[in-house]
Amino acid sequence: MENRTPQVFFALSLIVLALLMGAIFQASSPAWKAYQHQFYRLEAQQEPTAAAKESVMNGAVSIRQILLPGLQRVDRCTTCHLGVDDPTMAKAPQPFTYHPNVGPHLVARFGCTICHGGQGLAVDKTNAHGRVAFWSQPLLTKDYVRASCGRCHKEGDVPGVPELAEGRRLFETHGCRGCHKLNGVGGSIGPDLTEEGANHRQPEWLKRHFLDPNSLSPSSPMPNFHFTDEQARALTFFMLSLTSEQMGAYYSSVRVIPSPELGRKLFAEKNCITCHSVGGVGGRTDSPDLAGVTRRHSIGWLDEQLVNPEMISPGSLMPAYELGSNERKALIGFLNVATAEDAMQMLTGRPKALNPEAALIEAGKQNFSRFGCVGCHGLEVQGGVPNPNSQGGEVPSLVHVADDYTKVEVAKIIRNGKMPPLADAKKPAPPLYMPAWKQMLTDEEISRIVEYLWSLQPKKEAAW
Amino acid sequence: MNRRAFFNWSVAGLAAVWSAVGIAVGAVARFLVPSVFYEPPQNFKIGNPGDYSFGAPTLLPDEKIFVFRDQEKGFAVASAVCTHLGCTVQWFASDDRFHCPCHGSIFTANGEVAHGPAPRGLEWFEVTQARDGQLRVDKSRVVPASYRLVVKA
Amino acid sequence: MISISEVYRSIVRRDPLSTEKGKAELVFLNLWLHIHPVKVKKENFRIRHTWYLGFITFYLFLILVGTGVALMFYYRPYPAQAYQDMKDLQFVVFMGSFLRNVHRWAAHGMVICVILHLCRVFYTASYKKPRQFNWVVGVVLLLLTLGLSFTGYLLPWDQLAFWAITVGTNIGGYAPLLGAKIKEVLLGGHNVAEGALIRFYVLHVVVLPALVVLFTMLHFWRIRKDGGLSRPVWKLEEETTTEGLVQIGSAAASPPRNESVSAASNDKTYGLMEVVTGSPLFETVATEQVDEEVFSFPFAFYREAIAFLITLVSVMAISLAWSAPLEEIANPAKTPNPAKAPWYFLGLQELVSHSAFVGGVLAPTLMVLLLLAVPYLDSNPSRRPAARKWAIWIFTAFMLVNFVLIIVGTYFRGPGWALTPPWVHVAGHE
C-alpha cells in the first residue's frame, strides 16, 4: 500500500475535483437560462435597428418571480413564460405565448398558480408543472382550468363558468350532505369534502368517481347516481373549487363579481322596491325613482350614497347597508339597466304565502334535501340504495313511515341516529347507517322534517 | 518507489487538493449570492398612459414614485424618497416644489435640492412603454432629470 | 522590500520535512496536528484492523458542520418559512440541492459509521483496560449522534419529518416519571408545532454540535493517553501474553517472565514525554516483538487523508445520484398511514407496537445501560477472540436483533402497522 499511497491520494483528489466540477456544472446550467436566451432572440426579431436588437439580446438572465403574500405564494413561472403579458407574442411558441383574456386578473397581481395549479417555487419544467410526487396541486388541463374560478368566487355565479353553478346545484339537490360534511354541515359516512379541491386535485379521477364510485373505491357504499357526463363534469368543477384559501384584504374584497345579475339579486334581497319605485312601479312617493339614476348622478356619488346615505343626503331615511365595494358596484350596474318590468317582476314574482301548515311541510322538504337525506333515502324518498347485510338489503323508503312509527319515535331516530338491523349476525355490519343529527339540526328543524315525511302518506284518519 | 517519485506524486496530489479547495471556495461564494430577492421588484408596470393626468404629478405610495405627465414633453418618473433620511416627500402645487415633512428638505420640480438637510437631489428613473402599452418603471436605471418618455397616443 | 522567505519563516518555524527532526516538529509544534503521536505503529494502521471507521465518522461530522453552516444561510426555522426555504434550496439556490443532499446522506452515513465503529471496537476488545472510560465517552458520542440526526430530521418540516418526530417523541414520552416532562421540554408544548421546531433547531445547530466537539476532544485525548490505537487482534494471536499499559507502581508493573521492559528503546513514543514530565504515568509492558514504528508524517497523514477523500468522494457521488426526500408540507390534520420514526428508532417503534413499556422504556434504557457498562461487565483482561466467545456471541445477537427489528419496521410494516410484504404497494390515488 505504502508504495502507491501518493498515487492513490492523487487519483482520489482528481475524483473529488471531477465530482465538484460535476456538481457546479449541474447547478450552473439550468434549462431556464436557455429559454430566456431564446426569448430574447424572439424579441430581438421585432426590433428595427441593430443597436436595439443588441440591447435586447443582452437582457438580464435571471429568475423572475412574482411575490404574492396576499395569496400566500411565490410564482416563478414567468422565468420561462416570459411573453405572458406581451400581446406581440400571441403567435409565439410555448413557453413564450401571450396569455389572452386575463381580464382583471393581472399576472403581476395574481400570479399563475392560483388558477392553473403547478408548483410556483420551482424553475424547471417538470417540477414547476407540479406533476411530481408529493405535490398535490398539479397543472390543470385546459378543460378544467376555469374550475379554479370557484376557489375565490365562492358565492354567486361566475360568468363563463356555468359548470360551477350547476355543480353546486347538483350537490345540494342530490343529498350529498347526507354522507359528506361540507363546511361543517353534513353526515360522517363519507369523507369531509370541505377541502376536497386541495386533497384530490385530479379532475379525471373525480369525474370517474362521480360516474362510477365503485370502480375507484371498491368498498365504498356511495351509490351510483347515474350522472350524465355533463353532470359529472359540473360536479368535478365544484369539487375542484373546494379549497380554503387564506387571502389578503385586496383579494377578499374583490371576491364578489359585480355583475348586474348580482345587483338584481341584491336589490330584491334588500327589498329596495319597498321605498324606491323603478319606472313608476312600486316604492313610495317620498323616495326617488331609480330608473336612469346612473345618468343623473356619477358612479362615485351613487357609491357613496350606498355607503353613507345620511352624509350625502341629510335627513334621508335610507338605512346604511353594509355592502362590500363589489356588491355596491353590482347594484349600480343593475340600476344602470333597471326598468319598470324588473320592478313588476320583483313585486309579483314573490311566491304566494303558504298557510302555516303548508309552510312547515315545505320547510321540512327543503331541509330534507339540504341536509342530504335524499342522498340515501332517494329523491322521491323511495329508498333503494344498496346497503349490504342490512335487513332488506337496502336503505328503506320513508313514504309509509307513518304506518310503522309515531312522530316522536321518528324524531328520536333523526336525533340519535340508528344502526340498521343485521340480516346475518355473522357477517360484517352494513356500511350505511342513519347518522345522529342532534348536533346539526335543531328540534324545530327535525319536527319540520317529520311533518314533511307524514305529508307523503295518502291522507289517513290517524289519531296518535 | 524512490523519493523523487514519492515527492512528485505528493506535489501533484496536493496541487489537485488545493485547486479543489479553491474551486470550492468560489462555489461557496456564489452559493451565498442570492438568486432571488424577497422584495418588491425594481422593474414593474404602473398602468396605462391614459390613467395619468396632466399637470400635478401622481404619487404612487406603494412604489414610492411620482409620475409626471407633460402635454408636450411626455412622461417622467421621480423617486418620492427623501435623500436625507428616507421619508416620502409631498408635492405642493402652490410653490411647484417637493416638501419633505420630516426635516424640512425642499426639492425643485427637477428634483434638485432647494433647501434643507438633504444631501442630494431626487433620483429620476427610466420609464419605458411595454409591449402591451403599459408604462414600465425600472428603478435600477437612474436617468437625468431631463429624461422624458414620449408616448404615442 | 519584504522578504518572502522571512514571511514564510515567521509562519513555518520547524525544520524542513526532509529531516527527522522536521517530521517530528511538524506534529509536535502544530496546533491542529499535535493530537497525533510523532511516531505510530505501522501495524495499528492496517485497514482491516479498524477500517478507519472512527476517522470516517469524524470526517462525516466535519462535512456535516461545513454543509450545515452553509444551509443555515438560507433556512429559517419557523413553520411558515421552513418548507419554502427547503424548496428554495432545491430550486433556486446555487448548488442548494447538492449541499442539502450531501448533508442528508452524510448524516445517515455518520449514524451508520458510528454504529459500525462501536461494533469494531467491541469485536477487537479495544475497550479493555485502560480504555474503559473511552468506550463510555464513545457511547455518549453515539447518543449525541442519534440526537443530532433526530433533531435535524424535523427541520425540513414536511410530512415525513413532522410525523417521524411525533412518533419519536411519543416513544420517549413513555418513560416513567420524567417522560411527560422531557417531552414537554423538547417540544416546548404538547404537540409538534413551532415551539418544537425552534427548540430542535437550537439543539441541532448549537447545543449538540458543541457537545460533540467537546466529547470528541476528550475521546481523541483519551486515545493518546491510553497508548494510541490498540494493537490489532491478529498480533495478539501470535503472542503468549497480553499487551497492556500498567500504572507505574502497580503489581503488574513488575514484568512477568518472558518479557522485558523496553524503557530504553529510542523510538518509543513516550520518550519526549519523559523529558517533559520526568517519568511516564504508564509504562508499556512490551512484548518480545517490537512493532515497527514510523513517523506520523507522511505515513499516517497520507492514510488519514485518503480515508477523508474516500469519505468525501462517496458522499459527493451519492449526493449527485440520489436526492434526499422532501414530501408534502407538514399537515397536523393528515396522518400518513403508517407514520414511521427515523430508521434508527424503527426497532424501538416495532417493539412499542407490541408493548409500549418494553419498547418505550425497558428496551432503550437497558440498551443504553448495558452499552455503557460493557467494559466493566467484561472483566476478562484478554482481548483474544478465542478467550471471549460469550461476549462476542451476546453482542452479535444483540446487534442482529436490532438489525432485524429495523428491517421489519422499515420494509414489512404497512398501513395500520400491519405486516405487509415489501412488494405489495398500497394503492392510493396519489
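The letters A, B and C name the chains in turn, as written, and every chain counts its residues from 1.
Everything that follows uses one rule, which is that contacts are C-beta pairs under 8 Å (C-beta built on N, C-alpha and C of every residue); 3 or more make two chains touch, one makes a residue touch a chain.
Not measured: the values here are computed from a predicted model.
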Chain closest to the assembly centre - both centres taken as Cα means: A
Contact-richer chain pair [B-C vs A-B]: A-B
Rounded Å distance, subunit B centre to subunit C centre (Cα mean): 51
Computed distance of Cα centres, subunit B from subunit A, in Å: 41
Multi-partner residues of subunit A (each touching 2 or more other chains): 6, 9, 13, 16, 20, 23-24, 63, 74, 76
Overlap residues in subunit C, where contacts from two or more other chains coincide: 88, 92, 94-96, 298
Sequence positions of subunit B contacting 2 or more other chains: 10, 27, 35-36
Residues of subunit C defined as touching subunit A within the complex: 47, 84, 87-88, 90-92, 94-98, 158-159, 298-299, 302-303, 305-306, 309-310, 312-313, 316-317, 319-320, 326-328, 429-430
Residue ranges of subunit B touching subunit C (in the complex, touch as defined): 10, 27-28, 30-33, 35-36
Subunit A residues within the subunit B interface of the complex: 3-4, 6-7, 9-10, 13-14, 16-17, 20-21, 23-24, 62-63, 65, 67, 74, 76, 85-89, 108
Complex interface listing, subunit C residues touching subunit B: 70, 73, 88, 92-96, 99, 298
Residue ranges of subunit B in contact with subunit A within the complex: 1, 6, 9-10, 12-13, 16-17, 19-20, 23-24, 27, 35-36, 38-41, 44-45, 130-132
